[in-house]
Amino acid sequence: MIKSAFYLAPDAKLPQQVEIDQISNLLGTGKGLLWVDIEDTTSEDAQFLMDVFRFHPLAVADCVSKNIHPPKIDEFEDHLFIIVHGINYHVESDVVETTELGLFIGKNYVVTSHVIPMRSVTSTIERLQVDGRPMRRGADMLAHDIIDVLVDNIMPTIDELDQKCTDIESEVVEHPRKETLSSIMQLKRSILALNRVMSPQRELVNSLARGDYPLISKRAHIYYRNIYDHLARIEMLTQGLRDLADSVLATHLSSVSNRMNEVMKVLSIVAAIFLPLTLLAGIYGMNFANMPELQWRYGYFVVWGVMALVALSLIAFFRKRKWL
Amino acid sequence: MIKSAFYLAPDAKLPQQVEIDQISNLLGTGKGLLWVDIEDTTSEDAQFLMDVFRFHPLAVADCVSKNIHPPKIDEFEDHLFIIVHGINYHVESDVVETTELGLFIGKNYVVTSHVIPMRSVTSTIERLQVDGRPMRRGADMLAHDIIDVLVDNIMPTIDELDQKCTDIESEVVEHPRKETLSSIMQLKRSILALNRVMSPQRELVNSLARGDYPLISKRAHIYYRNIYDHLARIEMLTQGLRDLADSVLATHLSSVSNRMNEVMKVLSIVAAIFLPLTLLAGIYGMNFANMPELQWRYGYFVVWGVMALVALSLIAFFRKRKWL
Amino acid sequence: MIKSAFYLAPDAKLPQQVEIDQISNLLGTGKGLLWVDIEDTTSEDAQFLMDVFRFHPLAVADCVSKNIHPPKIDEFEDHLFIIVHGINYHVESDVVETTELGLFIGKNYVVTSHVIPMRSVTSTIERLQVDGRPMRRGADMLAHDIIDVLVDNIMPTIDELDQKCTDIESEVVEHPRKETLSSIMQLKRSILALNRVMSPQRELVNSLARGDYPLISKRAHIYYRNIYDHLARIEMLTQGLRDLADSVLATHLSSVSNRMNEVMKVLSIVAAIFLPLTLLAGIYGMNFANMPELQWRYGYFVVWGVMALVALSLIAFFRKRKWL
Amino acid sequence: MIKSAFYLAPDAKLPQQVEIDQISNLLGTGKGLLWVDIEDTTSEDAQFLMDVFRFHPLAVADCVSKNIHPPKIDEFEDHLFIIVHGINYHVESDVVETTELGLFIGKNYVVTSHVIPMRSVTSTIERLQVDGRPMRRGADMLAHDIIDVLVDNIMPTIDELDQKCTDIESEVVEHPRKETLSSIMQLKRSILALNRVMSPQRELVNSLARGDYPLISKRAHIYYRNIYDHLARIEMLTQGLRDLADSVLATHLSSVSNRMNEVMKVLSIVAAIFLPLTLLAGIYGMNFANMPELQWRYGYFVVWGVMALVALSLIAFFRKRKWL
Amino acid sequence: MIKSAFYLAPDAKLPQQVEIDQISNLLGTGKGLLWVDIEDTTSEDAQFLMDVFRFHPLAVADCVSKNIHPPKIDEFEDHLFIIVHGINYHVESDVVETTELGLFIGKNYVVTSHVIPMRSVTSTIERLQVDGRPMRRGADMLAHDIIDVLVDNIMPTIDELDQKCTDIESEVVEHPRKETLSSIMQLKRSILALNRVMSPQRELVNSLARGDYPLISKRAHIYYRNIYDHLARIEMLTQGLRDLADSVLATHLSSVSNRMNEVMKVLSIVAAIFLPLTLLAGIYGMNFANMPELQWRYGYFVVWGVMALVALSLIAFFRKRKWL
């Protein structure tokens, strides 16, 4: 449903909030700048958009549907329809969720549509009510401001993923747990998902910055180019995260092998030391009638000595082989 | 053989079913819209298509052949020949099967050809008989409707593959069976096959949406662009599935190593505890004449105590090393 | 040396075989269509081609050389020189061998050159002698027919590789042998070699179909496009084979790990059951003067009972852990 | 803050250092060449740049921000804004740090901006004070000189990474330590980071060399092309480093397996030799009333002989199997 | 320094060797063809090239520097500067070394510059002195001849690498040594290095063959295209080598696992046979007062029989499981 509608009259300093039934009239004047924000678009909203703004049914259908659509720009005769994606990152569950924002940009209006409340819209409204500047520079710059905040909101997610990566890395080195592997895999999937969401947007924003669309005025190009640079930086950071996650995974897998090596060494050393000694004890436990050593006075103690000697030489041998 | 033929007279509301021998006449009028649907095209049908519609022998041959052809658009003087692929997913055997649909789009006719019954054709016919709307918007929009349903029918397959992936993942973590690996590999192959079928179609639909072909009218472009968006979304989802399957495979392989580690630990612990005790018992089983301990009153019980002590210290040692 | 030469006079139905010394005259008339087929081109043949047909020395040198050249099209003033590759697959040794066919296409002649007898040439000659149709449609269509058969001959190889893949897969699952790994690697290499031979040809045939060369008439384009489609299909199938081979390899490597796991389990279970029992026997084999149990009437049988109990509990324990 | 400002008057030989308040006047003359170098740009500097040079606020904001921005060229009406990256490599911690240099190139001025002192700027200033040549060839060549030194400074880092790679390689082969794996992973990440920083710059410098920007004069193209060649060489060397690091990693992982093999062999040999002998001793330790061998005169010594024989044959067997 | 200089006067059959001080005059005539070959270019040579030929300082600097530069073509007003790479392969150390050749191609001169003696230059000079043909066809064809020999000299390296690959493969299968892994890694690195050197040259030669440079005459295009084909073939062969090396590596790693499996089997079989028998012996070594079997007349022999029975059944069991 329509959450808020603002209108900035020509030469006015601050936009004023307007009622839904005024929208059609204000639009008809062809002057000023109108911003309508719709949350959780219903089929009534859809009808309204088609009747008042004359938007194409397919574009409106994209707003109503709760599916995620790939980011895109559709150019119509007198307006653009843009879909851009933001990120909602749930730290606890380590899930990267894509949020979708639909923007209609006309000569004197901007319509935003989203399923859940979006921080980029809310914060632009707040700045608007204080200053009015975001709307004073025209529809293309208002759209820029909203998309800019959306993109900036991605940075904290990257920082959190980076933090998580480093945490898991030290966990892997110090005391890996059973769940470590699955958190690495989950992290890697999050990074890949983030990358998949971000990289198509770069090309999209580039086409806005390049001047492919007459509705985006020339002085706005450099501002869209700035968003492009942010996206390029995010992609660079995501690549670095991916390398980090890969190296954490490789370290984990290799540390499993190393621990196995440790276990095997303990086993081998135990067997190598005790099997010979047990044989020795077994030999003097035989019941042959004629076993001269058994009658020696210190035979028993000699055997103890021999056993100690054998054990110590084996320990020395394993020391030299760096097994101990 | 020709399964059904519909004709929408100019200004008519509902299309009417027509006989095969009427087709040639109706086509000659150059008015209205004709839709001929052929299933399991025989060489007689091929002859009919070449005689009545004057289709190129190679295009008709593609319809007759039961092989899978890569998706393509062939442009002829007055019609397009398009091959698009759908998906038949057999859940039990986890096999992704490609189904092929051939479409001839002329100014006032559409001819569809397929080997087995296709849901996208059947459901368009059903809607047609109720409403007639799919045919009232022209040949290009009728073709769009059929392709659109074909592409939409892919989504359930992706959901099922996703479900299967998640099922296998929890199976891997909880109680992997011998067959788990082969179902992961089968799943991965299905996802790759799906990807291989879908990605060339994106470019194909894009060329229809971009206005490369005059037979696709300008107002149909945005509708084809919509199919393109669906295909882009399917590709995005398939990529995510691929990452998921890769991570399930890595988890599985690593869990095999982990179980091996467990087995080795049990072995090492058993050996490390019992070999020393056996040695002790062996020593006091020796038959030396002079073994003072044997005559001690509580010698036997002291040995029991020493054994308990050794066993407990070893257990404590392994506890500390987190092997137990 | 020149194996055969055919000449189709204008308006004739069937081509007639001609002698080598007639070739120069027939070519001079500029009418009809001449096809010269050369096998194992010698330097005399090369001289003949340069003298009579005025081919470029470099193109002729490619025909004489027994090396494999990458597929290519060289355009000269009045003819094209095309190199295309076919496949000879030796099932027993699982080796994919590339065969090379050089084609000179002029306005009224086609010259084919190859090192060993080629099925595509032989079968075209056979059809020619029965029907004459391949030559009646001009030089570009004659070249098309030869290349078409060449490409079609690749399909059986793919089927054989597929069969081999499936065979090895079931072998891996049921009873892997020592040689299994090397046959998987050999198979994978064959598939990669096949892919490497086929993929550059696609672009080559595409340029023929696109109308880059005036010698290929407009009505032949759709026929070359048909070959392109076959090559695309072959590439799609080869990709599938590659995935299959990769998954067979992964299954094999993992089954090696699994067997190791089995071996280790047997070892651990044997050690875990017999080491404690041996200790027990060892204890009652000690020679202490004061060991009350030894004098018990049923002591020996009690020990048997304890041993059975320990063994059974351990077996139950391993059953519960699913090791047995 | 502004660290230094140089002005080369027309026809002068050596540039002279100028005060901040002269800058505006000198710029107004439109003659000579002015170079302003700013370190750790503050918001006052930003204001100065916007007031005096009329730079775009977004470009100036990039200079103030301490974040790393992707390398880029922004073209404005009468100047270019370029961001290029250098490398600071910390050998001890093996971390590749990116340093950023912002360059504004106008007709008769160059403004450089960086966060920390940069060797490329310092060394250009030194050469300038001695010779003046870098400024005598115009703004585009001054910018070239600075970027050239920046790129040349990357080579020592590559040499150091290469040295480190070789060191680790010999360590892996001779005596791998626990930390070896993590240094390999760290090294690989450094190489990837270096690659990620360098490769986008190649395209950037190429566009300067290709003549896309009128501010870069034709005779400077070949000089920028020279930087491009250096970057291409750096990329080639980085690729080689990557292969080297991958091969070191593979060698390390495989050497872990090999050591495990050694451990297992020792265990198997020990068990295979001592278990049979222990059985033999156990047999003659049995207490059966009727055991003829026990009464043999040399029975005990025969057993010793048999034991030696068994042990020696087993050792011979393992020798033959190359286990020893 | 200048090693040799040849001049072919117009209409002359054989070139004559000329002195350094004649070069300037001969060049001034603008007629005939001059070839100057410089080895280990000094700064004097550089001055000479800049004074007499008026080459660009940067191009000359590339000749003086002993670094490897990426292959490139720089176009100047009246000449081209080309850098191409050859290969020096040291079989014993298995190192692929890149050699660099700089070529200046003018209308009536070619200048070659290289650090060490190059076979391609030497052999062209030899042919020149016998025949003169390489110079009679103009500067572009002379450059072609030199580059052609350079590229042809790469083939033996590929054959040697292939031979080495096959040798290592049979070594891996039959009797792998400790050094096998490092020779595989070294081989793989050589192949990658070779690939990295060759692939950028293909594009370079293609631009010469495509007619991008007016100095390369139209009739030389097909000859450069021929070099391009050789490079394409080399790339194809290198790809095959890479697959082969990868499969050798995989076989090696898997054979390590297999040998581990063998070792573990031996251990398990030994333990499984001897531990039960040792227990049996231990039981009858107990000292219970009441052990009826001990008094049986043939008890001892019965135990021997039981032991043999147990051992044989276990051996049969392992035979059935294919462990033996």
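In order of appearance the chains are A, B, C, D and E, and numbering begins at 1 in each one.
One rule holds in what follows: a residue touches a chain if its C-beta (ideal position, glycine included) is under 8 Å from a C-beta of that chain, and two chains touch if they have at least 3 such contacts.
Worth saying up front: this structure is predicted, and the values here are computed from it rather than measured.
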Any chance you could name the chains that touch subunit B and subunit D both?
-> A
Subunit B and subunit A are one sequence twice: same or different residues at the contact, by the over-half rule?
-> different
Subunit B to subunit E: how many Å between their CA centres?
-> 41
Cα-centroid distance, subunit C relative to subunit E, in whole angstrom = 25
Multi-chain contacts in subunit A: which residues touch at least two other chains?
-> 257, 260, 264, 267, 271, 275, 278, 282, 285-287, 291
Note: ring order subunit A -> subunit D -> ... comes to A, D, E, C, B
In the complex of these two chains, what residues of subunit E are touching subunit C?
-> 173, 222-223, 225-226, 229, 232-233, 236, 239-240, 243-244, 247, 250-251, 254, 257-258, 260-261, 264-265, 267-268, 271-272, 275-276, 278-279, 282-283, 285-291, 322-323
Which subunit A residues qualify as touching subunit B in the complex?
-> 56, 58, 62, 67-70, 72, 74, 175, 178, 181-182, 185, 188-189, 192-193, 196, 249, 253, 256-257, 259-260, 263-264, 266-267, 270-271, 274-275, 277-278, 281-282, 284-287, 291, 293-300, 303
